[in-house]
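Okay, got some structures for you below.
Shared chain: chain A. Partners: chain B in the first complex, chain C in the second.
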Partner chain A sequence: MSHKTTKKVKNIAVHCLLAVLAFIWVFPILWVVLTSFRAEKGSYVSTFLPQSYTFDNYIKLFTDTSLLNFPQMFMNTLIIAIFSCILSAFYVLSASYCLSRLKFKLRKPYMNMAMILGLFPSFMSMIAVYFILKAVGLTEGSLIRVALILCYSGGAALGFQISKGFFDTIPKEIDEAALIDGCTRWRIFTRITIPLSKPIIIYTILTSFMGPWLDFIFAKVICRANADQYTVAIGLWKMLEKEYIDGWYTSFAAGAVLISIPIAILFLCLQRFYVDGLSGAVKG
Partner chain B sequence: MKKQIALLMAGVLAASVFGGCGTSGSDTEQVRLMVWSPSNDQSKDNGEWLQTCCENFAAQHPEWDITFVYGVADEASAATQVAQDPTASADVFFYANNVLTTLTNANAGAKFGGKYVEEIKATNSEAMLKSVTWDGEIYGAPYTSNIWYMYYDKSVFTEEDVKSLDTMLEKGVVSFPFTNSWYLPSFFIGNGCTLFGEDGTDEEAGVEFGGANAVEVTDYLIDLNANPNFKIDADGSGIAGLRDGSINAMFTGSWDAAAIKEILGDNMGVAALPTYNLNGKEVQMQAYGGSKAVGVNAHSKYMVQAVELAIYLASAEAQQLHYELLNVVPCNTELLQDEAIASDPVVFAQNDTFDRTSILQPIVPQMNNCWVPVENLGKGIRNGSVTHDNAKQMTEDMNTAMNSDGI
Partner chain C sequence: MFGRKRKASEFDTPYTCTAAITKGAPETKLSMLVMGLGSFVHGQRIKGLLYLAAEAAYIVFMIMTGLHCLYMLGSLGTVEQQEYWDEAQQVYLYTQGDQSITILLYGVATVFLTLLMVYIWRGSLKSAYKAECLAKQGKHLNTFMEDLKSLLDENLQKLLMTPPLFFIFALTVLPLAFMICMAFTNYSLIDNHLVLFDWVGLDNFKTLFDSSSVLGSTFWSVLIWTIVWAFFATFSNYICGMILSLIINRKETKAKGFWRFCFVLSCAVPMFVSLLIMRTMLQPEGAVNVLLRNIGLIAPDASLPFFTDPTWARVTVIVINIWVGVPYTLLQLTGVLQNIPAELYEAAKVDGANAFQTFFKITLPYMLYVTTPYLISTFTGNVNNFNVIYLLSGGDPVTNLSSTAGSTDLLVTWLYKLTVDKQYYNVGAVIGILTFVILAIGALFTYRNSKSYKEEGGF
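Let's turn to the complex of A and B:
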């Protein structure tokens, strides 16, 4: 009996602690959501809960487009994120597969190089990237989107470590069996490896979508004064400038809530594949 | 956007057709001008000030067939953006004068000359001219002053009250951006502290924020912060307080004018900076004043047209429209004679502040070292780490930091 009670007390204590931690963790998100529905204007409020609620902040984002065209920024970002997601997921998976399965001389040096390059922050090359893109003529008009897609997907192959690690766990015997049956490397990759590695593919797709979706610094440097090419990150940042902050702060929160929606949808659609892709791969 | 460009092109074409009656079409020169301005100058809600002005300009010059390309860059960052890559930047842009040296260091700003200088000189005050002058050359046509002043609730303070901060504190609650180093130095400058010599251009002279007069001010600020009727304005708390009635006066610039008008309505009062009572003597607060100007890219392919456009965009006609559409306070001396404009309280207060209760914000590069130390002093007073006991030491530390090049 006393043993049971101590266990109960322990459980209660642990759950209380977890509840407090969960509250602390969710608190800022909750605050942003509440602010996005706040009817009072301005960036500063003296009360935690809004005095009254409204949908106007969301409506303003989509109707008041003459100053900050949020729908257009949203579409720009969506297009850029989808294309760079497809490209970089492909690059990452291909590079990881090659490094995991093919034996070639530069394999080790390449991995070392990628490791060292990965240590530098990507924005270090920002200005150089800008001038290269300018030399190619990609810094004006709609070509800016192409430039951003190239930026976000170009370096993707350096981030192979995690999926290479995953591919390493897929038994080589399967590949060998397929080779003996006359499969090419490409067919092994598309027909055997990819179906077996759904979790890591989902992970790769999610991260390569979120990178461009949330990026600010490259978009800022490359878009410069082309307002029609702005991404949501730049738009949200603009809303906090001193001229706009008082009128746009609650819409800023609404925008912040909205940009989490595509990521959430993507995750919900893909999460059912997060099961163990390897179950029952090798028999015996 | 495409539609707008098409419309504009149509407008330009039409203008060249009407204007070009006497001359044959082949005489018109093809010109492509890129113009960067803040987005509110281009927005439909605000009457597309920039587009309208550019069309007018094109109509006045039938000899040029101008294609305008518009970009968005706010005044605060435009000069930096142009300096980053002048060859791929706007021909004409709007910038705040405090980044003038960024522009000149990158050789990105075009010097105005000849009749254009005459024109700028004829329509601007001495202080305005100085704000866009570097090494004796003029780098832009000013179109408004860039400064902060005081907004107050007329139902709480009379016009006589707002002349003195201490009287105001007795009658109502005053909020001031105490931890913002664009605002806080106004107390020090008022009491004779100087930056880079008398006129703010002498880097050798350094900053004098450490003498006995500065310590006096620090002591005053510590008491001010302790006053229950004084609230620090940070992260928008000032305007929020005005909205819920807990604050009766605040310090900000024209960018908040519309929001404050909405809150206070007819009770909105605007005034230049007040004096404050320092150990028995009244000391006038002095703000950092600057200007916003139209600049021209030194790498522009169409220099004549770009300079002409810049002059036009800062002309009385364009300033008048800017004022009507966007409430941008004009600085053209002729326009300020206009009865309707001169009687607007915001215009009066802004120009009164600029003329009477401000110094030109120094634009020497060393000015960059002067922001963080002042902010830290403000924060120190707020947090209670700066007290009457260590005020002297803390003030001198601030002065040392402002005069040093280190980070």
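Let's turn to the complex of A and C:
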């Protein structure tokens, strides 16, 4: 065989391999989308692909609120997500600006503390958090939302690494010039650094906005039996429990698709940050 | 070492606490008792009053509840809840007994408050001494308004860091301290110590290390599986992600963007959704078994024991973890791979190296060198990988009915089961601490030696 044909064969083999792998990766997602339109009732059926298609699963999700109130869960999560992303963005930006630009005695200890705290299993203290919130009186009724907002945003400032990396790339000369011109550091932060860091602000806001949609451990422990405060993640989890799975399985698929669409769009917009985050610096 | 010394001198001021106590004027020394006195005498009236107010508030708090809380911390409460007959209302009523958990929580919170107070106290001494020294030298003393303004300028970090730090301490550090305390008590459903419990010292650690007890033998088997899991989960993802990334980034591969999109799509779906989907697909009656039956690979009534056989379950979670994790690895490694100097590959080509040799001699060593911190954090993440195990297998199958953990339980999922389901809070806390110790020993050494940490040191 000539050199050229070997290369061609190899090339085709590689593309076939890629196609198979891509199929494996895309296939479960495709299957869920199909299942969400499945007309046959019940959880497990004897055919792999649906026999007939319908929109009822989506309609049921938003109209059948007697057992699992999906619209309310959606609103709960939305409210929690909006408030916690504002708070987290504020914490993360101020902490990472300080760590990147200001020199102070607690700078290094703070960074070491963040690393050490990161090594504890994140929900080891979950029960303790619950007791603390209970002592403050935040575990009853609609105050649970406040409790969840505090939970999701509270530790945000420990995840400063990516935005600190971004601030590190903004030339320090800009700050120094502004200082000589008599600018206070607050004005530098609000008028120079913040406007220069739009990408990282968007990144911070969106990642913390996604948090409440994805977490269900904290939400489950703090909500306990208060079904009217459930978030979407607990709701979807509930749909797969023994007593609901038969009636709700296809609606679970529908809910999963609905939640995935916005998250997927956000994620695809944000993926370059994941790439750059590793190398420690984000190029705006 | 050298760096540490130089840094210490960077923040040196003559206005330290010790200097205030040894060299300060009478009013500065008196500030030890009456906080803010020094500042007040030297004209910083509002500042002095604020310090005094903080002291007064602390003393009032301590007298009202704080001292009692600290005192109760020693015994954690002894009064049991009692039932008595109320003649007037003709019903049984209960006397308020001691709740050890509340006592412990308030006790720990009081200790935190006291530490905060010590910090403020030191601040007041320093500020008094500084005011005294500046007044002696005839220099300008900041008024209260100027102090407030400095918060926006040279002391900006105080303004910006206080709110995040407050919440970190209230919702991360305090709960952790509280939880660590629990590890030294008998707060557990065993022997019914859920209301009243006592300090038991290191007993829980002893039970867990004692491999003849049920908890002890479970601990060792879970620990070994956790490490095996973390190792395989980390490196299988790393190697597979790297190979995939190399294949996609080959010069000859067509439609690179399309392939990348296919893989990234699966990590755009929220992880808990895709894991729950995987779980339902792999059930005995789930989609995968149905597909295999329809194709005819297995008998019509048979099903592969994905989550019912211990070995199958362990392999399944690792394989599914590859499905979940490879897209992330792909995203993160692509950039690093493109940074490998092209000359290395050209030199290898000239020397006649084949694809395998190039991979093992150039790509892998270079990647390992650059991505060590990433590997460590992935390893740590996998030891603590609650989601994949809990949502996929839930720790099942349980082979030994007397133990509290299943075959695929990691330390973290076992911790969750012990605290949330079984209410063995003390054992759960001990496991949390041990997980931390294992991770800390590994991570601290490697982090400190890694390139990125050292570079950060040279701020």
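Everything that follows uses one rule, which is that the second predicted complex is superposed on the first by the 237 of 284 C-alpha atoms of A that agree within 3 Å, B and C clash if a C-alpha of one lies under 4 Å from a C-alpha of the other, contacts with A are read in each partner's own complex, and residues count from 1 in each chain.
Please note the rule applied: a contact is a pair of C-beta atoms (placed from the backbone, for glycine too) under 8 Å apart; a residue touches a chain by one contact, two chains touch by 3 or more.
It should be emphasised that the depicted structure is a prediction, and the values quoted were computed from it without experimental measurement.
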| item | value |
| --- | --- |
| Which of chain B and chain C A:Ala225 touches, first, second, both or neither | first |
| Partner chain in contact with A:Leu67 - chain B first, chain C second, else both or neither | first |
| Which superposed partner A:Ile180 touches (first chain B, second chain C, both, neither) | neither |
| Contacts of A:Thr139 with chain B and chain C, given as first, second, both or neither | first |
| Partner chain(s) touched by A:Gly42 [first = chain B, second = chain C, both, neither] | first |
| Touching partner for A:Lys103 - first (chain B), second (chain C), both, neither | second |
| Chain B versus chain C as contact partner of A:Leu119, first or second or both or neither | second |
| Partner chain in contact with A:Gly247 - chain B first, chain C second, else both or neither | first |
| Chain B versus chain C, judged by how many residues of chain A each one touches | C |
| First, second, both or neither for A:Ser153, with chain B first and chain C second | second |
| Residues on chain A lying within both footprints (that of chain B and that of chain C) | 43-46, 127, 131, 249 |
| Touch list for chain B against partner chain A, complex | 1, 36, 38-40, 43-46, 71-74, 76, 81, 84-85, 88-90, 235-237, 239-241, 243-244, 246, 255-256, 259 |
| Interface residues, chain A side, partner chain B - complex | 40-46, 64, 66-68, 127, 130-131, 134, 139, 224-228, 238, 241-243, 245-247, 249 |
| Contact set on chain A toward chain C in their complex | 7, 11, 14-15, 17-18, 21-22, 24-26, 28-29, 31-32, 43-48, 90-91, 94-95, 97-98, 102-108, 110-111, 115-129, 131-132, 135, 150-151, 153-158, 184-187, 189, 210, 213-214, 216-217, 221, 233, 236-237, 240, 249, 252-253, 256, 259-260, 263-264, 267-268, 271, 274-280 |
| Footprint of chain A on chain C - complex, ascending | 7, 10-11, 101-102, 105-106, 149, 152-154, 156-157, 159-161, 163-165, 167-168, 170-176, 178-179, 182, 244, 247-248, 250, 252-254, 259, 262-274, 276-281, 283, 285-287, 290-291, 294, 323, 326-328, 331-332, 334-336, 339, 371, 374, 380, 384, 386, 411-412, 415-416, 419-420, 425, 428-429, 432, 435-436, 439-440, 443, 447, 452, 456, 459 |
